[in-house]
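Shared between the two complexes below is chain A, which pairs with chain B and chain C, respectively.
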Partner chain A sequence: MFKKTNARIKDYQKNDNVAYLFVLPALVFFLAFVLYPAISTFRLAFFDWDFLSEYKTYVGFDNFIRLFQMNEFYMVLGNTALYTFITVILKVFGGVLLANFVFTHVKGKVKSFIVESALFMPIVIPMSVIAMIFNSMFDTDYGIVNGIIKAFNSTPVGWLTDVDIALYTIMFLDVFKGIGFFFMISLIAMRNIPKTYYEAADMDGAGSIRVFTNITFPLIGNNLVYLLVTAFLSSFQVFEPIYLLLEGKFGDTKITISYMLWQKAFVYRDVGLASTIAIVIFIIALVVTLIQIFVTRKLTYNDEK
Partner chain B sequence: MTKNSKLKLKKCNNTTLNVLRFIFGALICIVMLFPFYFMVISSLKTMTEYTAAVPTLIPHEISLDGYKLVFSNMEVFGKMFLNSLTLAIVIPVLQTIVCLPCAYALARLNFKGKQFIFILLICAMMFPGQLTIIQNFSTMVELQLVNKLSSVILLGIYSSGAIFMMRQYFIGLPKELEEAAKMDGCNAFLSFIYVAAPISLPIVSTNLVLCFNGVWGDFFGPMLLLKKREVMTLPVGMKYIMGQLGSTTPTANLAALTVMCIPVIIFFFIFRKKLIGGIANTGIKM
Partner chain C sequence: MKNKIKLLGLSLFVVSSLAGCNTNKDDGDVELVYWCFNDQVASFERRLEPFTEKTGIKVRVEGIRASTWAETTQEISTAAYSGTLPDCADMASESMATLVSSNLVSPIDEYVTRDAGEIADSVAEMDPKLYNAHIYNGKRYSLPTIWNAPIMFYNKNVLTKAGITSSNEHYPHSGWTVEDFIYCCNQITKNNTKTGANNVYGCKIENQYFYSIEPWLNSFGTSILNDTWTSSTINSDAAKNCFQTLHDFLNNDDYSKVVSPAMGGTTSYELFFSNRVGFMILSLPYVYTLYNGGFNDSKDAIEKLHQGYDVITFPSVDGISRTLMGVGATAIFKTSKHQEECWQLAKYISSKEFQDNELTETIWAIPSIKSSLDILSQKPYYPKNGKIFYEALENSKIVPAPANYSAIELEVRKWFSGYLSNTSGFALSGNKGNTLDTLAATINSYL
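Moving on, here comes the complex of A and B:
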């Protein structure tokens, strides 16, 4: 009898060969549609190709040289940096502050349900739908925003037709759509903070600003790194609203890096150049992710200490 | 100042503050909901009212012309809706079938190369979509799957995010259940089918809801791969619909958008808890 149990324990500890069967399907799709194309993009950056012709011409580092000598590339990087900076700050810090507002001041189930839903709903609505609504709202002639401005006898603004303003309108759209995510995560994190901290603060007579700066904010600090990185990665890869609302406008002076990649690859069919742009995007994402890992480690290390 | 009057002052301050807070809360709601309000009322306006110099916040005269135009184009619109729905059902189901066993194996089973596979899949999370789309597009051209829904399905099945979310869930489950199953003579395969899979229902449904929502609004991939009108999804076809209806009647545009929003908003209120829980799952790192 003992022998049998021992055999079973041994059986339990050995390799589960069935695991390969479990991993295999996912691994096949991963290799075919994630890893292989990623590696292939690095290869394509050294070739001149147009998707159609049978032969790819090897051109060495030509594509990289071409990209780095393009004035357009630096303009696009500048646009993307500005766009990313503003939207990340607004989404993350706006989200945290709104979450703190709801957390401390919105009492009652119905009220918090309404505010939370209002902030969270745009996440679920497709970006293309929101972009189209904004297109109507910010229309120069018939849009309601200009309508209100006109009602106050001011001059209408070309929200989506003025070179200097259009990108900011898109930033507003992006913040509108995205802020709910950062709001919700901060709010959940705040609700997980033990109540005793707040009771103690209340006993000491701390005001709501002190409570935020001394308790809430430090305790959601770990999340903040994650939120900043997530916001960064989604903002600097922005494509949809730019494509839907700015395509063909302003001689492409207001486009971002993802739009440039799409344009080079799928409009001009310059696959080599597009691949180099993809690599630039990848390297930026990689650096930011590594910073995240480093900072998070340091934070948890300090906590443990 | 005595203590008492100080307290009174504080109280009075609190009432004004509370009113200000209420106004601020209401303002947030108004700003966030206004675009949707605008969409609905504009879709109900007559053309003359829509183009009036001073816009109205409540339509004087309700007209269903916009909706009539949308539903008279039902052939196009309905087809796109159906395409979106097909993708949004097929992809989450296949994704769960493919990713759940993988997540289970990574969480619970011992096998050679587990660590390596795990690190490989982690690295993939850093790949932005732009890095893979060029080769994926050319693969789909080679496989002659462009303008077929299956191309988008193939690209949507694997998801690192889904695997990690489900793996995390399995790690959090007590091991005793499966150990008991093993003692009763179940092998890893059977204990997955009979024990682990059924108790993973909460995370499976979370993944289905999140993935459904993601696919429903997905744009970049479908835009590149689905170019013919018959295979377009709603987000991709939007520009086409807008171009066809909106050039003559902008109110029809907004009617079409309203029709697209209604299912999503219903979906949101049904699965609100799941969506929030799912986001908490992927997001919180405390």
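Moving on, here comes the complex of A and C:
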């Protein structure tokens, strides 16, 4: 018996070596494209460099001081916070509500397949394609949305050209594209809840709202942590729709922090400042994510309690 | 232990395989890597075949994923950082000063002196403004290949529909003024409705440095920078007058008189082609684009094309037509091991032989050799008033593009879009906010 166990241990050790081999490509990729750039970014935040010069000048914390003294930084941070708050709420809770609707009202494999596919479809369409579609649909003069508004003899809306509206149009685009993911994860989580809970609630005569608030929502709590963190990270770092649809408009008063980072790095070639912004993004994202995990776990049901 | 050695061996194999991806060829043949815009790769491959046949120097054309010169500079910056610069590239005035100041491109003075006799005929046909376009700190960095100048295309169908015929004193003519332009725009838009159905517009005011902001400033007798690019003049009285006028075009008149549709969205060309706009500000390549837009199949179609549009210089406040020019060139990177071969290529692209054969069938831009443009101007689709493309050189100056062009361009476009869209805090003047004085100070900080 012991001989058999020793042989198994040796097998495991052999397998360990093979496992290292399998891990190697991912490790090389991680070291080259994640860890090294991350460390470089931290280092570059302490230098003045324009991307092209041979020499970098060490400037200590000057880039941090410069960033925190820029009015533009606080404006952009405000835009990003507003964008993140609204889109995270709409994507996550909209996704959960849609999932609950499909879970409770859409019966039958074919119907479910059609509804789920329709809601998930925007996820697989590239952002650039959706941005082009939105650009045409929401064009002030020739877009179909204003076409409908004009048909009712109303004044057209500057969906992408009015400074007070444009960012909300981009948020709508982001929610439209992203909600399918949150819907699908929520739906899968709901389908994994044991039916006995619902049967018991049914016997007790609980209404649909009560069932959702007391059974469904608490029991998908662990997924909610994942959804909130994912939604926050994607919204907080939003770049593509801002670049594709708002680039150069409104004096850049509606840009987000990732866009500002890109501008500072590649247009202004102020690599030190851009790296500083990257560090700020990292710190904010880390802190908010930890808070989210902590709060959501407190508020929802947890198996491990 | 054996496994670890195997693992190490495998890693070394992977690394050495990757090292084999080096683009330099060691088989004796020289192959230059030449960068141009992505959508011009096929054209350049075809255009440069005769060069390879003639010299034996192969050219591998690679596309840059960029649509503006500022984006091109970004791509070059990334390539310079990662050590993957090509041997040479199709470049323009907007990028040259940046590359020169970063010590990335080679001066060509020695070659020009050495081959003076060989290039004399071509150089004799180049306007000095073009020939000397890329001299920085007394060193020449390129020969001109092509150039562009923004001019106005006017849609005769739209003007006729608005009741403006050639007998009208405001009809686009040599020496026409901004007042004439505004009159035409108001006539074009006077029947527009508030809901916008079937509205026709005067001219789209784009948020672009080369095709909008700087030429408009030139029309008002000023510029973003002074002549030596050492200080910004964007806060001059003439500039304020210019921006106020453009702002009024867009904002202060009744909706029916709005000159431009929204900033962004449908392009000027699309609006022009569908008879929805009276004027568009573009350059010579769009002559060919219009011709290919359904007017290239018969003589009648070309006649219809001429009946539909023509070109005219920019209107101005004082009747003197001014514009600006951007000059194209072949930049030779210092990192290239084939400087001599790059010079051969640069010389070829700027030669009469190349321009007569390769730039007169399809329009890339305005050839730098005058007689090549003359060949082009004989084409049946060339606009009736096409002579203005070359005449524009007389009162034009090179696009103001110093070393920090990308940052300056962005700052100018930021302010322009903020001001024209009535974004809070953007104004011509005042004590706080984004005024022209603060913009000028910001630009000066980049000079």
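Note that the second predicted complex is superposed on the first by the 265 of 305 C-alpha atoms of A that agree within 3 Å, B and C clash if a C-alpha of one lies under 4 Å from a C-alpha of the other, contacts with A are read in each partner's own complex, and residues count from 1 in each chain.
One rule holds in what follows: contacts are C-beta pairs under 8 Å (C-beta built on N, C-alpha and C of every residue); 3 or more make two chains touch, one makes a residue touch a chain.
Here the structure is a predicted model, which means the values were calculated and not measured.
Colleague: Put the two structures on top of each other at chain A: do chain B and chain C fit, or clash?
Modeller: clash
Colleague: For A:V124, decide between first (touching chain B), second (touching chain C), both and neither.
Modeller: A:V124: touches chain B, not chain C.
Colleague: Does chain B (first) or chain C (second) touch A:S234, or do both, or does neither?
Modeller: In the superposed model, A:S234 contacts neither chain B nor chain C.
Colleague: Quick one: is A:F51 in contact with chain B, with chain C, with both, or with neither? Answer first, second, both or neither.
Modeller: Both: A:F51 reaches chain B and chain C.
Colleague: After superposition on the shared chain, which partner residues are touched by A:Q292: those of chain B (first), chain C (second), both, or neither?
Modeller: neither
Colleague: Of the partners chain B and chain C, which touch A:I281 in the superposed model: first, second, both, neither?
Modeller: A:I281 contacts chain B only, not chain C.
Colleague: Once the structures are superposed on A, label A:Q263 by its partner contacts, choosing first (chain B), second (chain C), both or neither.
Modeller: Once the two structures are laid over each other on A, A:Q263 reaches chain C alone.
Colleague: Now for A:N17: first (chain B), second (chain C), both, or neither, which partner does it touch?
Modeller: both
Colleague: In the overlay, work out which of chain B or chain C sits against more residues of chain A.
Modeller: B
Colleague: Just chain B (first), just chain C (second), both, or neither: which does A:G248 touch?
Modeller: Touch status of A:G248: second partner only.
Colleague: First (chain B), second (chain C), both or neither: which does A:K111 touch?
Modeller: It touches chain B, and chain C stays clear.
Colleague: So the two structures are superposed on chain A. Out of 60-68, 186-194 or 312-320, which stretch of chain C collides with chain B?
Modeller: So the stretch of chain C colliding with chain B after superposition is 60-68.
Colleague: Would you please give the residues of chain A that touch chain B in one complex and also touch chain C in the other complex?
Modeller: On chain A, the residues that contact chain B in one structure and chain C in the other are 14, 17-18, 20-21, 51, 141-142, 150, 266.
Colleague: Contact residues on chain C for chain A in the complex?
Modeller: 3-4, 7, 10-11, 14, 70, 74, 77-78, 80-81, 98, 102-104, 194-197, 199, 207, 261-266, 406-407, 410, 413-415, 417-419, 421-426, 434
Colleague: So in the complex, which bits of chain A are touching chain B?
Modeller: Where chain A meets chain B, its residues are 8, 12-23, 25-27, 29-30, 32-38, 40-41, 44, 51, 98, 101-102, 105-106, 111, 114-115, 117-130, 132-134, 136-137, 141-142, 144, 147-148, 150-151, 176, 181, 184-185, 188-189, 192, 222-223, 226-227, 230, 233, 237, 239-240, 243-244, 258, 261-262, 265-266, 271, 274-275, 277-279, 281-282, 285-286, 289, 296.
Colleague: Show which residues of chain A lie in contact with chain C when the two form their complex.
Modeller: Touch residues, chain A against chain C: 14, 17-18, 20-21, 24, 28, 50-54, 135, 139-143, 146, 150, 153-156, 158, 160-163, 248-253, 263, 266-269.
Colleague: Applying the document's contact rule, which stretches of chain B touch chain A when the two form their complex?
Modeller: 21, 24-25, 28-29, 32-33, 35-36, 38-39, 42, 50-51, 53-55, 97-99, 101-102, 104-106, 109-112, 114, 117, 120-121, 124, 126-139, 141, 154-155, 157-158, 160, 163, 179, 182-183, 187-189, 192, 213, 216-217, 219-220, 223-224, 234-236, 238-239, 242, 250, 253-254, 257, 260-261, 264-265, 267-269, 272, 275-276, 279-280, 283-286
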